[in-house]
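Okay, got some structures for you below.
Heads up, the next two complexes both have chain A, just with different partners, chain B and then chain C.
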Partner chain A sequence: MRLLTHNMLSSNIKGVANRFPLKIEVVKVVEKEVDFNIDFLKNMFHKVEWKALAEASRTMGYTELPETADATMLDSDDFLHKFHHALLELHLEEGALVCPETGRKFPVNKGIPNMLLHEDEV
Partner chain B sequence: MKLKQLESLLGSLEQFSTPKIELEQYPTGAHIASRMLYTAENSFEDVNSKVVADFGCGCGTLGLAAGLLGAESVIGLDIDAESLEIAYANANELELDMDFIQCDIKNLKWRGQIVETVVMNPPFGTRRKGADMDFLSSAMKVASQAVYSLHKTTTREHVKRAALRDYNARSAEVICELRYDVPQLYKFHKKKEVDIAVDLWRFVPQRKQERSL
Partner chain C sequence: MLSRTAKIPLVSSHPEVYEPCDDSFALVDALLADRTNLLQHHPSICMEIGCGSGYVITSLAVMLGHEGSIPYYIATDINPHAIRVTRETMDAHGVYAELVNTDITSGLEKRLAGSVDVLVVNPPYVPTPEEEVGCEGIVSAWAGGENGRSVIDRILPAADNLLSDRGWLYMVTLTANNPSEICLEMRNKGYASRIVLQRSTEEESLHIIKFWRDSDCQLELKNLNYWTKLVRS
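And now, the complex of A and B:
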């Protein structure tokens, strides 16, 4: 699972108020190279929750993203490459996603988060 | 990529080994899948460089078709772990990166406008009534640009009304009518293959403000 996907997933447990972002527990991270697409990044910049992305990437062991970011940074090639790497190239391969409110864990195996709920959570 | 080439690549993918009746696991054929995504890209520019989600991805045919046509990122969702494993292997076979999530489409909660296009072949609702509409409802909440879906032609009026009235569609158009082969996977099918008429739909969601969760 990439951090692009993490940036939209949220805890789907019934009755939970604080759903996003899911915390990440890391057992294994893998990196896979992806072609660099500037227009895509500029478009996505306005859609991602920066804080969630920056924190998630740090948890995954990548510390190059600034705490906050604004659109003027999109002029910097260096910034764009870091954004690209964090958003698309880091994968959580083994570990868990954790509901920020209840602490319920959603396991991630072979890169696939299991977001299925128990009956009493629906 | 040419349509023929796309169809032949999709034709080589692994399909459900032991399909589960209650989940309506029949494969979206290469013929239909290739036309669906080819149209989405060449008539509407809804695929290349986009974030695409495949709802009820099964063995991944539709999502992988999007990947082959240049989608920047593809996410496949299915309730069934076994299908996701096959889809994962299919993605590796085509050397495409696709993200997968095991979840029930009915209970989806996603933030924001990141997904542009949803492609899907939902259960037709023959096993659990309303399954097709649950998929459509969720897809319309997630997609910011377009939803492509297959529904039985017999449900055309119902689908159109529900999309416009209940699911916030700005437009709901049938692009074409197709024949869908439901292979004889299940004992209750008497004939070898049941050929049903399905509509390929394109829905455009209303522009949304940033959605709250």
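And now, the complex of A and C:
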């Protein structure tokens, strides 16, 4: 699971107010190289919650993203490459996503998050 | 010639996962017929709900390709075996999608809202007793409850929520699902629609419908709301 997907996921448990971001518990991270696409990054920059991405990437062992970011930084090649790496190349292969409110764990196995709920959570 | 769809021998399988069937082929043929438009559309995010064997999302990725990281492919299924089989099918074709094991789009609806440019769905559409809907195993791959609409009727609002302003939805329906009523419901949400492929097999008559947000529909809707209010007051 890429961090872009993490950035798009929230806790889906019924009645929970604080759903995002899910905390990450890391068992295994893998890195997979993908081609750099500047338009995609610029487009996604406006959709991504920066704080959540920066914190998630730190949890995954990548500490190069700044705490805050604004659109003027998209002019910097260095920034774009770091953003690209964090957003698309870091994969949570094994671990869990944790609901920020309830602590309920959504397992991630072989890179696939399991967001299925138990009957009493729907 | 380069293949433009997933290759059947490379599609992985599992006893509890829906194998590519007439409906899957019809959907992929409809996408292939619209390929030029899809390429010109330059989608950023493409999604499938209910990916099963992965045949459809793999075919989409094969026919549109990747330009760097674009488009971003993401697929969901409620069946964990289907998700694993989809991963194998995609790996065998050298393509990649993010996969989420979830009910329809649960967990994605908040942050992915308004972002999906192309959404494809071959839902469980067969009319069955309501108890069969969503039960474990292969039955949930086709069981659609009354008129085959139980899951479809949950997918439509989810699709409306996820589609971007320029988003397109391609969905498989059966005559028994009452496609014209589905189109009318989507029209009330501001979507135009067109049957892009119709195919009758021995057992069923399938329609692949394409939906897109249409400003005329939205305008009409506003007018309609205005007139109803006026008449009521």
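Note that the second predicted complex is superposed on the first by the 122 of 122 C-alpha atoms of A that agree within 3 Å, B and C clash if a C-alpha of one lies under 4 Å from a C-alpha of the other, contacts with A are read in each partner's own complex, and residues count from 1 in each chain.
Criterion: a contact is a pair of C-beta atoms (placed from the backbone, for glycine too) under 8 Å apart; a residue touches a chain by one contact, two chains touch by 3 or more.
Since we're looking at a predicted model, the values are computed, not measured.
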Requested in this report: With the two complexes overlaid on their shared chain, look at chain A and say whether chain B and chain C clash or fit.
Outcome: clash
Report task. Go through the superposed model and pick first if A:K47 touches only chain B, second if only chain C, both, or neither. Result -> both
Query raised in the report: So, does A:V30 touch the first partner chain B, the second partner chain C, both, or neither?
Result: neither
Query raised in the report: In the superposed arrangement, which partner chain does A:F20 touch: chain B (first), chain C (second), both, or neither?
Result: both
Report task. Determine, under the contact definition given at the top, whether A:D39 touches first (chain B), second (chain C), both, or neither. Result -> both
Report task. Examine A:L9 and indicate which partner it touches, taking first as chain B and second as chain C; both and neither are also allowed. Result -> both
Query raised in the report: Can A:M115 be said to touch chain B (first), chain C (second), both, or neither?
Result: both
Query raised in the report: Looking at chain A, which of its residues have contacts with both chain B and chain C?
Result: 1-2, 4-5, 7-12, 19-20, 34, 37, 39-40, 44, 47, 49, 88, 110-117
Requested in this report: Enumerate the contact residues on chain A facing chain B in the complex.
Outcome: 1-2, 4-5, 7-12, 19-20, 32, 34, 37, 39-40, 44, 47-49, 88, 110-117, 122
Requested in this report: Could you pull out which chain A residues touch chain C in their complex?
Outcome: 1-2, 4-5, 7-12, 19-20, 34-37, 39-40, 43-44, 47, 49, 84, 88, 106, 110-117
Report summary line: The residues of chain B that touch chain A in their complex are 49, 51, 72-73, 75, 79, 81, 84-85, 88, 97, 99-104, 107-115, 213
Query raised in the report: What does chain C use to touch chain A in their complex?
Result: 44, 66-70, 72, 74, 78, 80, 83-84, 87, 98-103, 106-112, 115
